[in-house]
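By letter and in written order, the chains are A, B, C, D, E and F; residue numbering begins at 1 in each of them.
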Amino acid sequence: MSRRILWINPVGSDAYNAAIGEALRPECLPDTRVDVCSLPDLPVNHLEFNAYEMVTAGATMGVIRWGEQQQYDAAVIGCFYDPALRGAREISGSMAVTAPAEACLHIATTLGERVSILVGRDKWIPEMHENVVKYGFQDKLASFRVLRMTVNEFQQDPQCTEDRILDEARRAVDEDGADVIVLGCTIEFGFYRTVQQEIGVPVIDAIVAPMRYAELLADLRARHGWGTSRAVGYGRPDQDELDAFVPIVTPMIDLDPRP
Amino acid sequence: MSRRILWINPVGSDAYNAAIGEALRPECLPDTRVDVCSLPDLPVNHLEFNAYEMVTAGATMGVIRWGEQQQYDAAVIGCFYDPALRGAREISGSMAVTAPAEACLHIATTLGERVSILVGRDKWIPEMHENVVKYGFQDKLASFRVLRMTVNEFQQDPQCTEDRILDEARRAVDEDGADVIVLGCTIEFGFYRTVQQEIGVPVIDAIVAPMRYAELLADLRARHGWGTSRAVGYGRPDQDELDAFVPIVTPMIDLDPRP
Amino acid sequence: MSRRILWINPVGSDAYNAAIGEALRPECLPDTRVDVCSLPDLPVNHLEFNAYEMVTAGATMGVIRWGEQQQYDAAVIGCFYDPALRGAREISGSMAVTAPAEACLHIATTLGERVSILVGRDKWIPEMHENVVKYGFQDKLASFRVLRMTVNEFQQDPQCTEDRILDEARRAVDEDGADVIVLGCTIEFGFYRTVQQEIGVPVIDAIVAPMRYAELLADLRARHGWGTSRAVGYGRPDQDELDAFVPIVTPMIDLDPRP
Amino acid sequence: MSRRILWINPVGSDAYNAAIGEALRPECLPDTRVDVCSLPDLPVNHLEFNAYEMVTAGATMGVIRWGEQQQYDAAVIGCFYDPALRGAREISGSMAVTAPAEACLHIATTLGERVSILVGRDKWIPEMHENVVKYGFQDKLASFRVLRMTVNEFQQDPQCTEDRILDEARRAVDEDGADVIVLGCTIEFGFYRTVQQEIGVPVIDAIVAPMRYAELLADLRARHGWGTSRAVGYGRPDQDELDAFVPIVTPMIDLDPRP
Amino acid sequence: MSRRILWINPVGSDAYNAAIGEALRPECLPDTRVDVCSLPDLPVNHLEFNAYEMVTAGATMGVIRWGEQQQYDAAVIGCFYDPALRGAREISGSMAVTAPAEACLHIATTLGERVSILVGRDKWIPEMHENVVKYGFQDKLASFRVLRMTVNEFQQDPQCTEDRILDEARRAVDEDGADVIVLGCTIEFGFYRTVQQEIGVPVIDAIVAPMRYAELLADLRARHGWGTSRAVGYGRPDQDELDAFVPIVTPMIDLDPRP
Amino acid sequence: MSRRILWINPVGSDAYNAAIGEALRPECLPDTRVDVCSLPDLPVNHLEFNAYEMVTAGATMGVIRWGEQQQYDAAVIGCFYDPALRGAREISGSMAVTAPAEACLHIATTLGERVSILVGRDKWIPEMHENVVKYGFQDKLASFRVLRMTVNEFQQDPQCTEDRILDEARRAVDEDGADVIVLGCTIEFGFYRTVQQEIGVPVIDAIVAPMRYAELLADLRARHGWGTSRAVGYGRPDQDELDAFVPIVTPMIDLDPRP
């Protein structure tokens, strides 16, 4: 029962595609194939501002349609703001869709009762807090903690990033009563194992967790027919209108090299 | 102290621009000038699906930037989903921005304690409910009531639409305990006065209310310096990055013909 | 479309009537006339205790009735506890009524996402917090911050008051993540512009904001018929009973001197 | 350990004083003495409108002060809106104060998990709902049910009133899932035993329950020193200011005739 | 109208039975008889872990049945986690049942608006917080404060315990804005009077408060028929099934020595 | 990466062990081994009353300890009340533990926005509602719907049960706006596929969903070290104390017959 999953970096840069692909593949089930893509023809290389999410959201819709056409079993919209998740679910057909905040929070709240999310900058908190509320986890939130780094700084000096994550994760546990740490940006990848070992509580990674959750969703649909409900809020548009309004977009892609 | 306000129909059709302009201008302060625009080069002519909001959101960002460049005092993003409001506020500079749900709900909850929102279809409710929660008015919500019409049917047979609005508004008052009715789609314009007279409670119109609220916000900024806070969630991007990432878009526009 | 608005200082002293009138008139729309009044025959000169609100509330009802009889377009009950607002709305007829906390919070939550309220003493917080919850803005509250001053100290040494406001406003922004500051007492008037300029976020004044909101409500009623709903909670009493139970009270008044 | 309790009918009529006294005395502890009073010199004979509560609230404050001076152990403000409870607590000294909604809801939520409140008219619900929220019992509320009677009709045709209460109580249990019924007006006295026997769930009476709760509060203070906290929200005014601002009011009173 | 109340220490040790009996009897109404018991044949001598609550819960059910058979008027399950309270209510027949957190919080929130709970260890907080939410008092919670002691240390060095309670109670008032302190463990008995006198706000004791509340519940049932509702959540099992599934358990007991 | 999972029917009957084993095994990952057990020496054969949960909880703790000793990767406490989940997590060591309501609700709220839970009797709702609130999904709840059947009737006449489930599931979708149906009892197994096919929305089965969630949790722990956090609420007891207080219990077991 193998599965193919599409990771979408919803930005116009392929800078992280290969690195995320390499980081993700060893973490998945053996029979999962992971392709990592990003959006063509857009100058936007990070989504720290909601305005940038809005500028890229149309292309993300087009790539979701492409993914569905290519028969991926699931897609992950790879930004911790979970951008355009409702829209993606409306048009994803039988392909499951999830996103980092949703997946991390569902998993984290099963492992502990109070969760701290480590973000780059204060600016991110209000929109992420909206999502925490939307998913129902407001009372599980121990704190947001701020690393004081931008997205594109996380991978520049990994030791520095790890030190900052470690420092704030410790404070979240000691001062805020966190049971579980969530890394609140996909580009904080590569650090969770070390930090977790140091501080002794689960540290949920924002690329690994949604990928594992996507595997689950893909399997639930395949084996049990538990796919996105079309009853109310994720109802899908008429096919002709969809074709007219949301053009399919072929992404820049890093294919899984494994056989 | 005159003011210029930009109404943005965030769709790719100019079908309603003139009609909305004509409907709005007599309702405003005498010294308000209202231009009504829509997005160029997009086939999308309604936003009933979130995927369509996502496809148009980039152009809306560009038109917001255009409006700020043209020194409008305020802009309204004219759809009851309040699409892309956070992004618009980040990049609107000194131009105020509001949207129908926000404005209608602030006004309605001042006039009464429980509010019913009349929507076209069940599909709209979950996303609109998210906004009600986000703005803090969850406990003020008497009900959503469904007219069982699509956006583009509202103006086709006005008598039929009025009858349906009247019918559901009455039920909202009689069965749901509503103090105030809110018309939950901008294209339900032209009906509020008659319905209000019939049922005897305030009926808040989704184009008039945000326009009046936009006037207020424009004046609050001009006279008292009360503009969008840049402290946290509406912090603005660096200007160079903004220029690179969010191109200015010139809209299709219906200009206020008055001197 | 001019309008006449009655500001009610709901205390038995006319000490602030003239000063508030002078402070308010230049802040309003040019065609707004503002009369400022207070309650006759009562020794109470501040409302820091709820018991004092209760002692003055009957006279406030009587003045509301007087205002309605004098055909004011709107009245403001000028205390940040918003005393007797429900009662005032029941009996205000076609006159709009608002109050500082309501108006400040509606405006503040449109300009930013999290609001800090600067109060005089800890004692004020529980009752004000009840109002924040009642209006729906509990999740928008960044903090209450305490100036450690009584109402009647605010205007005694203005420089000292300004310094304290400035100090707590800064902490609200820096430590509590406030986007917007609200001055939580009407007698904190006269400081907002300086503080706002210093700290760079909107500082909402507790006399100016409700006056501007009252102008809006007066206009919404006059132009659109959007007045207080009589459907449920603001239903009005039978006229004969009202005449018997709530005597009209003529206030001490500072009339707008402008033509 | 006897105790003296003052029941305050916070209206200007003594019409119910004797009847409430007679109804209450046999329900109390044997060593409780109950005096029942009302407010002098006020034409208001019911509080169905908040404006009427505001008109009578000053006299209620004065009677609370009188009660404290007369060394009552506890007072009950006898209206289901719990009018002026905060103010009363500020100035009640060592006398405990409670009110019907508070007492009924604390007791009811101990006996069952979901509570229905039977009110006279729709108009009462919003203000009573505010109190339910304020006391923390929002999620325990099964329903408000409306008897479609005014306060002063309840005792006119007791059989008719009992029939209506019985009818709505049954529906509350059968249709709304109520575990417990609360009679939402003090003038619904005299019916609880019959209704309770008929429907088989606890029916909490709005005069008996607060009287029993007042006994408890009086004893808790006398034996354990657990009186109203003066720390924050119920902090008391300076004595001189209190004497100046809140005159003592001697009520019309029906004294307990027992030795 | 005397009453007999059964205090259940829901552990397998009788170590505190006599001491709790001695502490409780002078605090009750003169005509209350208090027997204190614990569970037979169980090695568990504290309930700091939920797993231990689960191991003892069956015997607690059996003792509740024994108490009902012995015609106690009320029982208290004497642990601040309020273990097995729902189950106990299902099978308690006409005997009232309460528990410390429920009783302390109902009383505390009547005396003040914000409550701090002093617990032994951080570990206790999440489960106790669940109960605070369940009872509806989440918004009344000023803080949990941690004494850093285990249950069985509280009575070992009373002066040390009192100092710690005093220290954290003071901080709760000064830093957290608490109106009322609740001692969050039954074994914190013996300290409330001194601490209360020192800090000047009510300090609610976790054995006295539920005993007094149990007296009230017993009387409410005896005089007014207000017992546990059997309508929904506390519905009782079929008697034969109950006899088969829940064997009666005779506890270790310290009988009230008074005549 | 195979895994062994222990399904615990937390009752004293092995009546459903074999049937649940047979139903579960084909639904799992191919390399999952499922053993199904129940509690020894207890007459309790259903948990419709909380008192019965309490009577069996001690043995459940003992079986959790047995499971951990036998090195299961995960255990499911197989009752939709999720009985003793906190206690189980405290003492489960490196074995993951989940339960039906938790697992079903996490999955269901990912597939749709509003969920209806089909229970057997009204009596079940309050305790299950408490869990819905505890997990954070209160605002996702469309409704509870009642099948009017006891646990032990579900498998007696399967066609009748299926008809009732179908009927209430349809109403949940049509009248309550449910996106997803959750079967609110483990003994409702065997029906989900047919019902789902008929009504066209996901129908989450209360044995399959927690089993699949247990697989995920087992894998997350094995591959990523994401196990139960020991930081606060799931902190584990001292080993000696645990051995003394919670004896290991060997269950009645139906072993997976597959190689």
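We adopt the following convention: a residue touches a chain if its C-beta (ideal position, glycine included) is under 8 Å from a C-beta of that chain, and two chains touch if they have at least 3 such contacts.
Worth saying up front: this structure is predicted, and the values here are computed from it rather than measured.
**Student:** Tell me whether chain C and chain D, two copies of the same sequence, contact each other through the same residue numbers or different ones, using over half shared as the line for same.
**Tutor:** Same, since most residue numbers here occur in both copies.
**Student:** Which of A-F, A-B or C-D has the same interface as D-E, meaning more than half of the contact pairs match by residue number?
**Tutor:** Most of the contact pairs in D-E are shared with A-F.
**Student:** Farthest chain from chain B, comparing Cα centres?
**Tutor:** Following the centroid criterion, the farthest chain would be E.
**Student:** Using CA atom averages as chain centres, what separation in Å is found between chain B and chain E?
**Tutor:** Computed from C-alpha means, the inter-chain centre distance equals 55 Å.
**Student:** Whole-Å distance, chain C centre to chain E centre, using C-alpha means?
**Tutor:** Going by mean C-alpha positions, chain C sits 46 Å from chain E.
**Student:** Measure off the straight-line distance from the CA centroid of chain B to the CA centroid of chain C, and report it in whole Å.
**Tutor:** 28
**Student:** Residue numbers in chain D touching 2 or more other chains?
**Tutor:** Counting only residues that touch two or more other chains, chain D contributes 113-114, 122, 125-126, 133, 139, 177, 232-233.
**Student:** Given the complex with chain C, which residues does chain B contribute to the contact?
**Tutor:** 1, 27, 29-30, 98, 102, 106-107, 109-114, 135-140, 173, 177-180, 192-193, 196-197, 200-202, 204-205, 208, 212-213, 216-217, 219-220, 223-234
**Student:** Across the complex, what residues on chain E touch chain F?
**Tutor:** Contact set of chain E toward chain F: 43-44, 48-58, 60-61, 84, 86-88, 90-91, 122-123, 125-127, 130, 133-134, 232-233, 235-237, 242, 244-246.
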